[in-house]
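Each of the next two complexes has chain A plus one other chain: chain B in the first, chain C in the second.
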Partner chain A sequence: MSRIEISHLTKTFGKTKALTDVSLEFESGHIYGLLGRNGAGKTTLLNLITGRLFPDSGEITVDGEPVLENDRALSKIYCMTEGSKYPDRMRVVDALSWSAEFYPNFGGKYARSLCKKFDLNEFQKIGGLSTGYTSIFKLIIALACGSEFVLLDEPVLGLDANHRELFYRELIENFSSSQRCFILSTHLIEEAATLIDRIIIVKNGTILLNEDAQDILESGCTVSGPADLVDRYVQGKKLIGSDKLGGLKSAYLMEPCTHVPDGLTVGTLDLQKLFIQLTNA
Partner chain B sequence: MNQKRFFSIVRYQLHDFKKSAMIMYSCVYFLFIVSCIDHNTLPSDKHVTLNGMELVSMITLLVIGLVSFKENFNFFSINGISRRTQFFSTLFFFGILCAIFALIDTLNVAVFPHISNYTPLFLLLYQPAFQGFGPAAYFLMLVTNFLLLWVVYIFISMVGLFITTLYYRMNRGMKIAVSVGVPVILVNGINLLDAYLLHGKLMQWITQALCAVWGLSGGCHPFVAIGSHVLLACCFSALTFLLARKAVVKK
Partner chain C sequence: MGFAEEKPIYLQISEKIEDAILSGAFEENTQIPSTTEISVNYKINPATALKGISLLVEEGIVYKKRGLGMFVAPGAKERIEKKRRNNFYDSYVRTLVSEAKKLGLNKKDLLEQIERGFDDE
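What follows is the complex of A and B.
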């Protein structure tokens, strides 16, 4: 099992502390959701993992080898960034060929089949692609690269609902067959909630939460019903947020819902509500 | 260093600059053809002369050096290639590219002076060193021409690579300061310093230094020029490496 280990990582930009003493582990066979508000330090963390930035202190290793300036360790990681770093004049088909040169396990046929599925013209120049198709192009390389760790920074930027749905389906299929490690950094929490099995929430450069998604969602609940009934039920309980619409109310609790009175319905905890609650404070 | 990735980078860069090199040599050969036609059709007092076409290769290589960092650094970085591998494979790439350019230009030296009014740069500078030694000297001249062009081309591309890497590492303020400051110092500062403080000695030193670098002080010594350009290329590549090894991918 491959593993990225991050220990006591700190990174500052001038007077801004982007990450402070971050320690984390990523293992193959998981889809991680790296969540955080804008400027929380998610992209900095991904750039440090791929050696694109230098940390002020701390260490990152891949299978025990330091990642900095280490080709063997770096070849196990592919990071899809928000902006395109491919030459504008390069055609999609050439980018796929060159990716196969740099990543020995690159699936050329698979990449071409994805181009067809996403209706991406292989002979178009990268600089001429729309925002959505630039994301699709980068996603195709990320899915086909064959690396053990695939880091996706805002992977669905500019994608319409149909393409997002198709990407999620391909991601699950790819993960099921390869059991690689995917790290999804996204703001679309509701969509990502159905994919991820571990949740990492970054806040102000520190790790606020690093838990199994199932465990965290099962440790809380959503209770809905008439507002007065809900208010009475949540009294003295760990309330993390609520929504009210007319006379109906939904309350989100950070504890299991037990002894629920008639008239109230119980559901699983909403990840987005949990995220908002945790990162607002 | 992963050998496959190393050579993939070299091949990528050769592929990337193939078109530019072909366009450049198409223009050069167009001029040579015009010169040949002119040489063989016009009366001898109306010939057009063509000298030092190697300068075209030098300018092309300087430009290739200047455009070889930012885009490639981003592209190779997203493909998980370390800065060290990127740098050494780029060095290797320039070694090959400059050897190809030097070889083509040496073949031009062997062919075109016989069929057109062309004097290569090497003969303009070092012809006296090879006079009076017979056919062996001609072969030695061609070999020396190749070696000198090769190291000079590498030096020039290293200068280009150094400048672009330096600019990449600088912030906006530094870029403006260097872009304005260096030309002002080179054009006005040196002249003023020389005219008012050193009374012409600075220009004399610069001329002497250039002559020494090109092996032209006290005779024609092309192997001195080869040695000094090797040293200069090493200095610039070392400086470039120091800048590149701490470069980060920018937004």
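What follows is the complex of A and C.
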């Protein structure tokens, strides 16, 4: 069991506060969804975890060791980000061999089998890959890196529906057999919703929510029906938001719906709705 | 405005397995797909798949063979049928009657349609 511990992390860029007093834990055996609107501080957090940025204050440790300028701690973390660090003229197959040099647990055979599944030509130069295939190339390295913690920042950017589906399947299969920790930072909440088992919502540089995904979604509900009936029902209840379409209203509650009167329909609370309601305004 | 999903995913998983048992796709004493196979197939977290399967274990519909996996329990089909018969009123009849009332169909109209449903079979 490996663990990343983040305590009282603060990071500013000039006058902008990117993160304020963030404390979090990540453990192996979980897939975390790191969610937040544009500019919430997700990428800053990932860059701090991987030691690419220095915090103003606070500390990050991996299995008790601080990450800053500590190769042993950092070798347990792999972070896939938007940019690519590989030279454009390098071929995919050579990049895979190089990765094996940097990551002692790199699965070379597994990486090549993934290239086949995604129809990625191993002999193509990295600079010549399309947007989608650049993402696929980076995803393959992330899946095969063998690190205890795999951080994925917008992993499916530019991937078509078929490749996204294939990636999600490979992710689940990889997770099932390795029990390593995956941290998914994404805007495609609906697609990630069923994959993750922990939800972390970042808003304006602070942690708004950090919960077990099943627990939180099951503890909430949606009631829909005529607006006046819905309004009467939700009075005094933990309302997080609502939508209206003419005289029809849906209300999102952070508590189970009990004793619902006739004329109202009850449904589950979905992650996208929860996210939008909590991060609006 | 979204469409509310009616049920949590783990319940949908256990119902899909039950459906497969009822249809005969998963026979008694044969192995059901593993948690990994189910979670990969539906692209869901293995913990969710496990929760769905655990529910079936609690109800005696599947059982665990150590080191092998999950198997359909003897009598599972009858157990599912019995459970669903008990839930039939809440799951179907109540919604049927409430929809009929909404449309101004009375008891007699509804009974006629039910008879027609049986005759069409």
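Following the convention adopted for this analysis, the second predicted complex is superposed on the first by the 252 of 281 C-alpha atoms of A that agree within 3 Å, B and C clash if a C-alpha of one lies under 4 Å from a C-alpha of the other, contacts with A are read in each partner's own complex, and residues count from 1 in each chain.
Everything below uses one rule, namely that contacts are C-beta pairs under 8 Å (C-beta built on N, C-alpha and C of every residue); 3 or more make two chains touch, one makes a residue touch a chain.
Quick caveat: nothing in here was measured; it's all calculated off a predicted structure.
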- Message: Let me test your reading of the model: by the given contact rule, A:D71 touches which partner, first (chain B), second (chain C), both or neither?
- Response: first
- Query: Which partner does A:L34 contact after superposing on A: first (chain B), second (chain C), both, neither?
  - Reply: neither
- Query: Which holds for A:A18: it touches chain B only (first), chain C only (second), both, or neither?
  - Reply: neither
- Message: Which partner chains sit in contact with A:L129 here, chain B, chain C, both or neither? Use first/second/both/neither.
- Response: neither
- Message: Is A:L114 touching anything from chain B or chain C once the two structures are fitted on A? First, second, both or neither.
- Response: neither
- Query: Should A:I172 be classified as contacting the first partner (chain B), the second (chain C), both, or neither?
  - Reply: second
- Query: When the two structures are overlaid on chain A, which partner does A:S99 contact: first (chain B), second (chain C), both, or neither?
  - Reply: first
- Query: Looking at the overlay, does A:D262 come into contact with chain B only (first), chain C only (second), both, or neither?
  - Reply: second
- Note on the structure: Interface residues of chain A shared by chain B and chain C, listed none
- Item | Residues of chain B defined as touching chain A within the complex | 1-2, 4-5, 8, 11-12, 71, 74-75, 77-85, 245-246, 248-249, 251
- Item | chain A - residues contacting chain C, complex | 31, 165, 168-169, 172-173, 175-177, 194-197, 213-214, 217-218, 222, 224, 243-245, 248, 250, 262, 265-268, 270, 272-273
- Query: Quick one: in the complex, what on chain C touches chain A?
  - Reply: 1-10, 35-36, 39-48, 51, 98
- Query: Along chain A, where are the residues that touch chain B in the complex?
  - Reply: 47, 50-54, 69-72, 74-79, 81, 83, 85-87, 98-99, 101-104, 147
